[in-house]
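Since the structure comes first, as structure tokens, the remarks are kept for the end.
The chains carry the letters A, B, C, D, E and F, assigned in the order they are written, with residues numbered from 1 in each.
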Amino acid sequence: MNERFTKGFETIKQYVTTEEAARMIEADALADIAPDLRKMIIEFAYGDVYSRPGLDAKSRALVVITAVVTQGAAPQTKTHIKRGLHTGLAQTEIVEALLQLVPYIGFPRVQNALTIAQQVFKEEA
Amino acid sequence: MNERFTKGFETIKQYVTTEEAARMIEADALADIAPDLRKMIIEFAYGDVYSRPGLDAKSRALVVITAVVTQGAAPQTKTHIKRGLHTGLAQTEIVEALLQLVPYIGFPRVQNALTIAQQVFKEEA
Amino acid sequence: MNERFTKGFETIKQYVTTEEAARMIEADALADIAPDLRKMIIEFAYGDVYSRPGLDAKSRALVVITAVVTQGAAPQTKTHIKRGLHTGLAQTEIVEALLQLVPYIGFPRVQNALTIAQQVFKEEA
Amino acid sequence: MNERFTKGFETIKQYVTTEEAARMIEADALADIAPDLRKMIIEFAYGDVYSRPGLDAKSRALVVITAVVTQGAAPQTKTHIKRGLHTGLAQTEIVEALLQLVPYIGFPRVQNALTIAQQVFKEEA
Amino acid sequence: MNERFTKGFETIKQYVTTEEAARMIEADALADIAPDLRKMIIEFAYGDVYSRPGLDAKSRALVVITAVVTQGAAPQTKTHIKRGLHTGLAQTEIVEALLQLVPYIGFPRVQNALTIAQQVFKEEA
Amino acid sequence: MNERFTKGFETIKQYVTTEEAARMIEADALADIAPDLRKMIIEFAYGDVYSRPGLDAKSRALVVITAVVTQGAAPQTKTHIKRGLHTGLAQTEIVEALLQLVPYIGFPRVQNALTIAQQVFKEEA
């Protein structure tokens, strides 16, 4: 556990519960073929990038949700809407961010993302 | 000038200077072949969507910048970085939002967007 | 029910059966979190855009099928192939439009779209 | 000149002037590094695909314009709008097809495509 | 069975087992609505393109895996990882190619592709 | 200059000339607004990813060229074709990799990439 990993792991706790953070390390679904992916996500994505100053966690979560919705990446849309709620984004803010995307990426990807958001909101209720 | 157009035009002023808002209406570059595009942008994008409550203008601007950068749409990246600055986003916040995208969309589109941001920052200085 | 909604709802009937049109309004799956999405689809997509003169409904359906197939948006590919059939597009015309896309978007997205078309054709038989 | 090439070359004449068709063969810009690309375009795209029965040339042109606009491929947007006009598509039909895309792919790519269409319409006037 | 089909069918055997090659012809899932798609894949993709000299089968497989992963095309990611293994690519080479994509397309599509690779590796074990 | 930076800088020399490697550090075009982007590219992309064992430099270059061509990222297509040549990829191998993409991403992006390749080949001659 180097310094970047520790920093990444501390930063993740702004985005997931302590239990989920522990699970991310203990139960890596890709550990058998690509154990370094998880390491890269914690060290690079969270340790180097998310932990930077100059933009608050809620805004970072909004930016990431927008990126994965624009790409049409369904599993990550679910993951990052959950993380966005954990940073303190209100359900309304997430819904509004998705509706704000309609004029820029069109209805199809927004509609698919809202269906995922609806499911996350139910699970978290 | 119907009610949605008026509402859209009022909302645009949070994103551009009064002079630019006036120019958007008086000097529509596509007026000869598709005059209704400008009308749709003002009535639908600004009148119906941007003007909704529940998310502040700075967050809406961040979401839109992220969407057009993720799509690789260069002219709109320039337009919406300018509008983001006008809503009060700091240059640092825009740069941080772009760097936050690296783990999600990769270096190429982020690098191209930062080059555009640099040019906008110079023009606005 | 404003004028645009009424116009949109009339236009939709060129693309879906009367029963489906009624269901679109009565049974909005996203009504709890984003009731305005349905409203935007009816008022903006159908009321403002699909209802424009200058291009017939079959051509509009072909254009929309092409867009969602090119984006790789599976649920919308199904929806709009069904609507295309309802406007009077022949199954052959839809298959030919998809094959015409091979040189422009490659085999993968065309193959996925043909699999969806095959399923729609069976359901509609 | 095999049968597919001949068929492709005949089919191309529905999409470009006879002069342009001749130029496509005589002046292949990529002849020095990839002479087979032009051959593939004529034999496969035009000989095998465009020449198929079951969908008229104007509809094929609309489908191809939509695909390249949705991808954001600027040089091909220009090429295929020109070819669309040559098949007999009216300028209005092309503009309407582009506006029809707004609810599905968003304003940015449509706006960029309309700017290209405007330029083609001027050059062809 | 023309010459290009024969050449394509021979080339396919570098990418799939003899049984699978036979099945591709005998059991075309889209035979009822688009029998020509299979024909185009064998004649054009394999007969004209894969069979070209100048790049070995393993490199062609790597290029194709990269393309479908970058597009986010899940069914084709599975298909082409299997074909890559058949050409002799090691599991490690495929995993490394996917990790190499992280800085260029971001974590989401790489993570989804590694999950598919993991499943293929299990099935082939 | 930490260990990852040093490792990244060593790895880069497989992809660019020593002069270019030096220039990448001394003349960072984005140094005024985002000095950390260059650092991330050297430390993460080259130090953590490109330097991994299990796949040779030529294959990594092919994978990266494919990714940026599939995304339609023009400036990076130029950069990575140059780096590919530096790793020892033959011009023919690069052209063949691009033609191999036609059945998977379509002619438009391949044609644009070949035009860029042609220019790089001339500059490097």
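Criterion: contacts are C-beta pairs under 8 Å (C-beta built on N, C-alpha and C of every residue); 3 or more make two chains touch, one makes a residue touch a chain.
Just so you know, these numbers come straight off a predicted model, no measurement behind them.
Enquirer: Using the contact definition stated above, find the chains touching both chain A and chain B.
Expert: Output, common partners of chain A and chain B: C, D, E, F.
Enquirer: If you take the chains that touch chain D and keep only those that also touch chain F, what is left?
Expert: Intersection of chain D and chain F contact lists gives A, B, C, E.
Enquirer: Counting C-beta pairs in contact, which comes out ahead: C-E or B-C?
Expert: Counting C-beta pairs in contact, C-E comes out ahead.
Enquirer: Farthest chain from chain D, comparing Cα centres?
Expert: The chain lying farthest from chain D is A.
Enquirer: Average the CA atoms of each chain to get its centre, and name the chain whose centre is farthest from that of chain F.
Expert: Comparing chain centres, C lies farthest from chain F.
Enquirer: Tell me whether chain A and chain E, two copies of the same sequence, contact each other through the same residue numbers or different ones, using over half shared as the line for same.
Expert: Under half shared, hence different.
Enquirer: Using mean C-alpha positions as chain centres, tell me how far chain C is from chain D in Å, no decimals.
Expert: Each chain's C-alpha centroid was found; their separation is 24 Å.
Enquirer: Could you put a whole-Å number on the gap between the CA centroids of chain B and chain E?
Expert: Their C-alpha centroids are separated by 40 Å.
Enquirer: From the C-alpha centre of chain B to that of chain D, how far is it in Å?
Expert: About 31 Å separates the centre of chain B from that of chain D.
Enquirer: Using the touch rule from the top of the page, what residues of chain F touch 2 or more other chains?
Expert: In chain F, 36, 40-41, 44-45, 49, 52, 67-68, 71-72, 76, 95, 99, 101-108 touch at least two other chains.
Enquirer: Could you draw the chains as nodes, link the ones that touch, and say if you get a line, ring, star, complete or other?
Expert: If you draw each chain as a dot and join those that touch, every dot ends up joined to every other.
Enquirer: Per the contact definition, I'd like the list of chain C residues that touch chain B in the complex.
Expert: Chain C residues touching chain B: 36, 40, 44, 48-49, 52.
Enquirer: Which bits of chain D are touching chain C when the two form their complex?
Expert: Going through chain D, the ones touching chain C are 41, 44-45, 49-50, 52, 54-55, 59-60, 62-64, 66-68, 70-71, 76, 90, 92-93, 95-97, 99-105.
Enquirer: Considering the complex alone, what residue numbers of chain C touch chain E?
Expert: Touching chain E from chain C are residues 72, 91, 95, 98-99, 102, 106-112, 114-115, 117-118, 121.
Enquirer: Can you name the residues of chain A that touch chain E in the complex?
Expert: Those in contact with chain E are residues 29-30, 32-34, 36-37, 40-41, 45, 67-68, 71-73, 75-76.
Enquirer: Quick one: in the complex, what on chain E touches chain B?
Expert: Counting only chain E, the residues touching chain B are 101-108.
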